[in-house]
Structure formats: C-alpha cells, structure tokens
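Next, two complexes with chain A in common: one pairs it with chain B, the other with chain C.
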Partner chain A sequence: MSDVIEPRAGARAGAASWGDRLLRVAHAGGLLLVIVLITGGASLFVPNFLSPFNQFTLTRNLGVDIIIGFGMMVVLGLGHMNLALGAIGACAAMVVGFCLQTLGLPIPLAIAGAILAGALLGALNGVLVVRTGLDSFIITLATASLYFGLMFILTRAEAFRDLPADFSALGKGRVGPYSSFLVIAGVVAAGLVVIFNFSELGRQILATGANRTAASLSGIPVNRVIIVTHALSGAIAAIAGVMVTARLASALPSIGEEWLLPSFLAPLLGGTLLAGGFVSVIGAALGAILLSVLQNTLVLLNVSGFWIQFFLGLALLAAVGIDRWRVVQTQKRGTPGR
Partner chain B sequence: MTSSPLLARLLRIEWLPLLAMAVAAIIVLALISSSFFSTYNLFVMLRILSVTSLVALSQMVTIAIGQMNLAVGAIGGLVAILFGAMLELYGVPIPLAVLAAVGVGLACGAINGWLIAWTRINGFIITLAMLSVFTGLNYGITKSIPFYNMPQALKSAYDSYLGPVPMILFIPVLAALGVGFILNFTRAGRHMLAMGGNPAAAELAGISISRTTIFTHVLSGGLAGLAGVVAVARLGTAEPTIGADWLLASFAAPVIGGAALAGGYVSVIGTMIAVVLVILLENGLLLARTNPFYVQFFLGALILLAVMFNQWRARRVAMRVTTRRVVSP
Partner chain C sequence: MLKTWTIAGLALASLACSAGISAAADVKLALVPGGPHPFFAPWEQAAADAKVAFGLTESQYAVPQDWQLDLQNKLIESLASQGYNAFGIFPGDATGTNETMAELEAFGAPSVAIGGCTQSPSPAKFCLATDVYRSAYLGTKALIEAMGGKGAIMHAGSRLVDPNTQLRIAAIDKAIEEAGPDVMLYQHVTDTDSQETGDAKINGVLAADAANIDGIVATGYVSSVIAARALENLGDGRIKMIGIDDDPIVLDAINKGVIQGTMAQNPYGQAYIAAYALKRMLEGCTMRADAPFDENPQNATFIDSGTLVITKANIDTYRDELKGIADDIIASFDEKYLTCN
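Up next is the complex of A and B:
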C-alpha cells in the first residue's frame, strides 16, 4: 500500500484552505451533476423508472447501500479498511433473528442487541489492529473468515424465517413514494456529519488517519481512537444487516457476502481517500446514489444482471480516473493553499 | 552475531517454524486417520496444491512490490472460461489453448499494471475495479453456464505420471522455482523488491516504478491465468465460478509465509509451506468429518496466529541481527 496517492494533502485533517474547500464542493457538485444527468435521462427515456414500485425498491436498496458505504468510510478516515464489514452484517442479522425468533425479545431490544454485537466485533478488529500493529487489511481479512465461520458453526447455516410481522413491516415502511430506509440512512448520515465536523472524536480520527505519529505526539489517544472507530464501523455494518433482515423478512447467513465492492465504491466515488485523514459523508451518500441509480437503470434497460458488475467496475475506474485527472490539472495551475 | 543462541539462529530462518508446524500436522493427521497416507487422499491434496500454489504465488509477487491484486480470482475465472470455450466451441488443440489462455492472463495483468502505472492511483482501487470488470465479462459471456465438454486428453494429461511421480507435482514446484529465480537472480526481481522496500529510494536509484509495476502485474496475471487453466483441468469443467473464492487463500499463504504487506520482503519457500499447511488444515478437518464451516473459522484463526507469530519473530530477529537479507530463496 505504498503507492498511495495524496492528491489533496491540504484537504486532510486540520484547517482546510478555501482552495481545498472549493475542490471538495466541485467534487460533490460534479457527482451531483452526473446523478442528475443519469436520473433525468432515465426519467425521460426508461419506462417504469418513475413508477411508484420502482421508486420504492430503488430507494430501499439505496438506503442499505448508503449505510454499507458509511461503514467502510469511517475506517477509511483512519487510513484503515474493514473487510469484515459483510461478515459483521451477517452476524448482526443472525443475532437479530435469534433474539426475535428464539428468545422472543421485543423488537427494539433485539435491534439494540444486534448493533451491540456488531460494535463488539468491530471493536475486536480494532483491538487486534492496535495490539499486533499489523495492517488492518490482513487483520480484517482474517476476522471476516473467523466471524463468518463462527456464525455458520453456531447457526448451522440455518436461517431464522419466523420473524414477527411488525419487524418485517419495517422493510415495507414508506415516506411518500419512497422507502423509509432513506430516513434511517439520513439519520446515520446526520450523526456522522456531527461526529466528523463538530466532535472531538471526529477530529481525532482524521488526525490519526493523516499522521498517526504526529497525532500521538500531540496527545491524541491513538489506540483508543482506532478501537472506537472500528467499533463504530461494526455498529454501522450491523444496522445495515438488520435492515436487510427486515427487507427479506428473514435472517439469512448469506447476508453481507456481496458488500465488499459497494462498501468501497460509495466512499471512494465520493472522494474519501484510501490514505486516511479525509472523509466526505455527503460524498459517500452521493456515491451510493450514483451506484444505485446506475444499477437500477441498467436493470430496467434489460441489461443482463451478469453485465451490471462489468459496468460498475468501469464506473469506478472512470470515477477515480476523472478525479485523478482533475487533481493533476489543478496542480498544474498551482493549487491555492499548497 | 558470533555467539547467537540456537533459538535466535533458528528464528532467522523464517520458514523453519512453519515447516515444523507442517510436519507436526502431518504426524498428527497420520496418527488420527488411517486414510491420511492413502494414495487417494494424497492425490486429493496434490490436486488442491496444483491450483492454490499458483494463486498464492500470483498474489505474492504483487505483495513484493507493496501492492495487492484483488483481481487474482477474477483473472483466473475469466481465463478458465475462455480456455473452456476455446476447447469446446472452437476445438483448439490443447497446447495452443493453454498458451492462449495464459496469454489472456498476462494481458489482464498488463491492463492492471498499465492502469496503475499510468493513473498513479492506488493498486487496491484499480484491481478492485478490474475484479468487477473481469468477473462481469466472465458472467456476461457465459451467462453463468459452464463449459462441460472438456477433451479427455486434458484430464488424462492432468492425472498422468512421469515414472512414479504424478505430473501435477511439477506445477507447484516449477512455478515456485520460476518465481524464486525471478526474484533472486534477475534484475527485474531485484527492482521489484527494491520498489517494495522503498519506492522513493528505488526511483532515485534509477529504477522505473512504472515498468516494475507493469512487469509485476503481468507476472501476477500470468500466474493467475495458469491457475485458471489448471483449475479447469482439475475440475474437468470450465466453470464461471472458478476463482470466486481465491481471495482469502491468495493472501493467507504469502502472509503466513512471512511476507510483509508493506512490500519489499517475501518468501517463496515460506509461501509454499504455508499453502501446504492450509491444505493440511482443510484435509484434517475433512478427515475428522467436521462441518465444512469449521474450515473458514480455523483458516481465519490460523492467519491471525501466523501473522502474530511472524511479528514476534521479526522483533526477536531485529534485536539481534543488524544485517538483513532482502529475500529468502
């Protein structure tokens, strides 16, 4: 991971200059423009795109995708990764299923239990990263296997299908024509905006991601910050796991298997850096919107599901390529604030 | 270094503890199960080794330069189905099809390497995107339907013997020797390790980062493609799902074998022993008739334990040794 590029060194932790802020707004604006163009085109030319049914399913998937992206985004702020995101989501799904079906707990308690379990598994990732000093990539790759394996062993890969109707009703909630999952995503987004812009923790995460040694020297409890951030990532993954469980009206062990690509796509499209020290909550949400709209449009255009992954890969390449090109152009002219 | 104790001296050979673990595992398995040393069981393990060793080496070379190739499995899968299509649909002679298939792997790696070198974007993102592109191509072409009719000659070549030695034993041995030779005795290999150790210093020393990146990814793609071809021969069908579950194994073996994810240090011998160790673990759980899900759990645990041990060993060695070899043979 030594070839990490740092295009917006000034836009990292600490006071951002006006030039950097402008660059960020330009990035989000560019993303928004692409989304508006695709949505506008789809509304005009793709039949059924605006149908109430499609708007509902689109926004329901979108709500989950946004939250999955957030789960990766918070650890990217540290310059870390969480490849166990899907495994934690699956574990949380099974916990909520177990609490509801086997223990018969009330719904809020079951959901709280699942989120707590996710936070604990995430915290374990953080503790392992801190204690061993190893790359979070390899730690979470190993724990992903560990958590999936443990969950399969404990549940014998059997799904929980007899969930209370009130719980599965959560997946059918509507706000106007849209899914109420968007509200959940909005609440989580608001919480993250507060954390990263107005809280001590957010500043500490970004400072640690930008330069761990400097952060440590300036008195930030780096190890604690890492553990808390991984716990936050686990809790967010658990929220997504519970949402998918409500949508499917059953807790399946296969939940989370396909989260890897979208979890990276949304924040990276949104301008979050792999190197750490910078995150964009709005950007990650916009990235997820772009993904979902693109995916939905391709499905409606009868593009075979097999090709959609191909186009998503190209979209990621195009997005990071354009971003890189823009940074190079800006640097040629001399970035203000550098 | 004159009077270093035996433990420290042994710790310096980083694959020795792994070898001890593998030998111990073999002894335990032989004691537990009478069928462990059966020809059938040994052949089963050898068949797995023929594919997994190539997958591990494919990832190892990118780790050597401090990058990753998340598309190893995707390249293997794409090559596998194109190989199958050449044999079934177009009746291409087997040797020609193997060459063409490996060529596709090299080309996929070249695209990865060129994109990384040209855009200077982190290799993780590029290969993640190409993972999606290659897998999408694979499923788009096959619509998820395997090519079933592989020529009998392919299967019989795969299962043939050279005297008493099964042919498939040559695949991991030759591949390991080849990669070991490149890393230790060629200019390109030295450039790879130098770049992995410190890209800035390597560039100042006149090493072309772009060319080294592209070379490494071509090598990685070629090995992944070869793994795809061998997987088709092993299964007897060209399935689109080949490679889908290679990601964990590809990182597990090099990292257990002592490679530093930051780059600059890999061990071919360590990686190969680690592959054997992982196969023994799977085989042991299989012979003990445990639930297959235990494999995933124990593999995760094994990776964690191995990387922690490697780190402890590295600290011990760093305390005593001032000079350091760059790569073990």
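Up next is the complex of A and C:
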C-alpha cells in the first residue's frame, strides 16, 4: 500500500507527478534497504543486539520515537512546524498524572483527558497561527515556553508518582520479545494512512501545504484545516506523552524536553517535505526505525553518547539536503517545487 | 591513626577473602550518574579501582549526555544490553528510576542507588548517600559559630525540585531556629547549581544586598564554587561561608581564609562501596531482612556514606578520614547487611 498522496489543489498533476511518485517510492525503498543492511550487520557483528532485553528496550523507545515523528509530520504536511510538541507531551503527561493520582479517574478516561488536552493545546497553536498570520515557527516557539511555564506554575514542578500499577504495566507490555508500544505506533500509523489517503481532511491538509492560496481559491477552509491539523499534532504529542508516563510510571515535568531533534529527523528522513504538500507515514516510521537502530547499534558498539549526538545532527543535515535535492530535481522537470 | 590502619587492614583482608569466593562471579559494573556534574567525577576512579581490587570483569563510569531521566534510562538499557549486570545509579528521578531498576532486577542485574535515593519501596538493594539533612545541619551550625552566633544567613541551594534540596532547607531552618533570635534566614536561593543561573542569582543577590547578609551556606557543588569566588572578589572577609564538596576552588578559598569550611561528601566511597556490595550480591549474597538501615522520609534502606566539615584544621587529612569511613563500611558490610551462604 502506498501512503503517498498528491494534493488536488494547485497545478500539480499529470505525468510529472508519476515521476515524483517514483522518486518517493525509491526513497522509501532506499531507506528500507539501509535499515535492512544496518540491522543485518548489527545482528551478525554487534554482540547482544538480538538479546531479548535489547529487542524489548529498542522497540519500546522506537514506539515513542515513531509517534513523536508523526506529531511533527502532520504539521509539516501544511508546511508548518510544531516546536511545542515536547511541551504539549509534557502537559499531557501531567494531565494524565493528575487525572489518575489526584482525581482517581479510570485509566481510559485519564488517557482520553490527556489526549484531549493535547489536542486543545495544539488547536490553540493553530488558532494563534491563523489569527496572527505569523509563522508557525515563531508561534510554537513561544507556546512551547508558555506551555512548559504554565505547567510548572500549576504543578510547581511536582511529579505525579503514585500512578496505578495497571497504568504502569502499559509500559512493560510485550508482544513476543517486542514492546507493545509498537502496536500503539502501528495503530496511530494506520489512522494517519487513512486520514492522508482516504479522507477529505488529509487532502485538504496537503493541498493547503502545497499552495495555500490555490487551496483557498478552490474552496478549502484553509484556516479551519490549519487549526485541525495543529490539534491533530497536539493529540499525537499527547499520546507520546502518555506512553512515556506509563514507561516511567511517573508523570514528570521534564518529559518532552528532548523531542525536538527526533521529531524532525523521522519525517524528514522518511521523505516528508519541509515545505509542505507531501507526507509519508510509512517513510516517517522508517525514518524513526533507521534512527533508533543506528543509535542502538552505536551505543552497543560503545560509541560515546556525544558522538551519537554528532551523528544525529549529521543525519538531520543529510535529511534536509535530500529534501532540498528533491525540490531541485522536481523543479528541473518543470513541476512546482514541492 | 592506628585504628584507621587496623580498619583498613581488616577491610583488605575481607576483600581478599571475598576475591577468593568471587572467582566464578562475572561482574560487569556500571556506575551511572543522573547527568554530567563534577560531583560524580570521583566515580570514574572508583570504578577503575574497584575493578582491580574486587576482580571485576568490567567496570564503566557512564554519564548521560544531559540531566534527563529519559537519557539516563536509555543509557542504562543500552548498558544492560551490552551485558552489564551490576548497576550503581544516581536516580534521575526518585520514582521514575524505580521502574528501570525493576527491569534490571528482572534481567538479573542488581542495582543500588548511590549519591541520592529512590523512593521506597524500591527495587534498589539499598541507598548509599550522604545524609543530606545531617550534613546541612552540621554545616549551618558551623557557619553560625563562625558568624559569632548572630546575623542573617543566605542559603544557596541546588534544584528546588530535588527532594534533597527540601531536606537541606528543613535542616538549615532547624539549625537557625535552634540558634535563637539573633540568627535569621535571609533567603533560600535555590536552583543555583549550574554555572550560568547560579552565577546570575548568587552574584545578583550579593551585588544588591551584601550588606544585609552575614553568612552563606551553599549546598550545591557549583553553588559553592560560585559563592566562594564571589566572596573572594568581594574581598572584605565579613561574610562567612560554609560550602559543600571539595572542589579545588573551594579548598583554596578555605586555605586563604575567604570561607570557613565545606561539607565533605564521599562520592568516591559511595561508588567503591556500591561496587563491593554489588559484587557480593552477584556471588549469591542477599540483603539481610533485619539489616540495620537508617530511614529517611524518602527511603527505608538508607546507609550514610559519611559526612564531615572540612576546615583549615583538617584540610590536609580529610581524604584519609573519608577513606576511613568507607573502609569502615566495607569492613562490616557483610556482617551488618548481607546473608551469604
């Protein structure tokens, strides 16, 4: 199944878009090949890579990283960013902690509350972008600080630590040797494939990202689409926040502080365009897998953590370079630069 | 001195004995602090020394890139994946680290909390750390004495969200209250244990209101360094200070008479003792149910790694005193805390 979708708005259509499709399929295929090579090499030559403990922890971290990547991917579809992704994840973590520990709500209700809170904070980002006309970069940079600050004020930076054992058990769930977090990531991925391939909303997001003016002229409620997309991004960030809370068995205000780099890396490595108009759900998942496997392999090879940070930065530069190269290639063929 | 050597001898004999027992134990020790911080630097030497002294297969001092529980957890997971099976951990979070320790336990890797405690009940075999309440209490008492029993005290503390900071605040408040009406608290200035924010806060308060401060008790490593430097720059010698830990700048300030003392902790001893205890556990020993642990509001299996105030009088000998405390703990560890078959 392809998760590639072209926007209807704008001048993009016809034979040239098949060239784009081919390029993107080749990109995903190449990514898959690199993953297979690294995984195969690590399985053969890296001690303990296939150990049950490593497989479990690798897939648990991967499950979270995939969802963080999805959170950024949806707004990248608009050509926007969500720098408040981590802050929303932290707020959602504190909401689920508050609901479970202080209010004593049932687990499903607490999780739903956290996701709703994430969606509302994301929607607020969208509203601010629409109302002010400012770039999402500026707005979400400001709201990241705002959300973290508000959360610190309300909770006084106190963690929620007495969470029910059944909730913490979610972080320990296994499917064979793998973490059940992969299942959650799979469900979210399936939902996003449906949204972007088979729903009007998905087409509207990509059309708005491809060319906002053309989308508006063709009758798409652009402002509403922007708000809904940011709400979706917030809801996905909240899911990641809840997952990390379950894994730590504590709702900590520091959750989400490290999400920025992986949130960009996964979708960009997977072929999602920074400029908007195109997303690849499978690509983002593959990007996250590549990063997680690479990081895990480097760690098992005793490469210093500071070098790993260096490699991640290098990977982001490579991803942005590939993104730029694709835009140039597309322009050479005479199609819009997306 | 004779007593110290006797204890050291007993400790060595005990270690030699245990080395014989441990021939079959494959111990790969990892010491993991919460993040980069100079306080933990002695752990690296302790890991290396423990490897030789206790015949460990491997020992590593592994530092997370930043003070993030998530980063620490991932580092611990990767070490466990590499086959490390004994962990001395400074808890990134009192409760959050419990989950990771439980997973290590299930993996067959015992862990102990060192430098700071996890929240009991905890899978950590025990917590070996400074009794921060006692340390801050003794430090404040020493400061009040240096101030001549009167004046206003500023407390430069570590992270406000750190449970240890709360204990230190309570201890300082108690010491001030006990001193009577002539001694008062100027302010608890917290979150000063990083260079930038600490520098801004401590120097900011001194620049604005030094005349109304008569003493400083600093309970963060970096806070102490910053405050000692600030007092040296101020240069009038009126404000007295007791710091914490033994950074060379702080020790130099004591020697010059700029500050009056510092509360010594025992990070080397913490890591070294933890290595010994973990090795014994992998050899089949278990913690005694009736072990004489201390208790604090956070932890029910607490062992005090020792504290003393370094002044001009003992600045040349305090390391021996700390080593003596560590040797004492090791020498009696099996008898007091372990059941070995």
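Operating definition for what follows: the second predicted complex is superposed on the first by the 300 of 338 C-alpha atoms of A that agree within 3 Å, B and C clash if a C-alpha of one lies under 4 Å from a C-alpha of the other, contacts with A are read in each partner's own complex, and residues count from 1 in each chain.
Methods note: a residue touches a chain if its C-beta (ideal position, glycine included) is under 8 Å from a C-beta of that chain, and two chains touch if they have at least 3 such contacts.
All values derive from a computational prediction rather than experimental measurement.
In the superposition on chain A, A:N48 makes contact with chain C only, not with chain B.
Looking at the superposed arrangement, the partner reaching more residues of chain A, out of chain B and chain C, is B. Contacts of A:T132 after superposition: chain B is touched, whereas chain C is not reached. In the superposition on chain A, A:L268 contacts chain B only, with no contact to chain C.
Applying the stated contact rule after C-alpha superposition, one finds that A:R247 touches chain C and leaves chain B untouched.
Touch criterion met: A:Q309 reaches chain B and chain C at once. Of the two partner chains, neither chain B nor chain C is touched by A:L33.
In the superposition on chain A, contact of A:A157 is made with both chain B and chain C.
On chain A, the surface touched by chain B in one complex and the surface touched by chain C in the other have residues 157, 306, 309 in common. Interface residues of chain A, counted against chain B in their complex, comprise 1-5, 128, 132-135, 137-139, 141-150, 152-153, 156-157, 261, 264, 268, 274-275, 304, 306-314, 316-317, 320-321, 324. The residues of chain A lying in touch with chain C in their complex are 47-49, 51, 53-54, 57, 61, 157-159, 161, 168, 171-172, 244, 247-250, 252-255, 257-258, 296, 299-300, 302, 305-306, 309.
Within the complex formed with chain A, the residues of chain B that make contact are 66-68, 115-116, 119-126, 128-137, 139-140, 142-144, 196, 199, 213, 247-248, 251, 255, 261-263, 291, 293-301, 303-304, 307-308, 311. Touching chain A in their complex are the following residues of chain C: 63-66, 68-71, 73-75, 77-78, 80-83, 93-96, 98-99, 103, 107, 119, 160-161.
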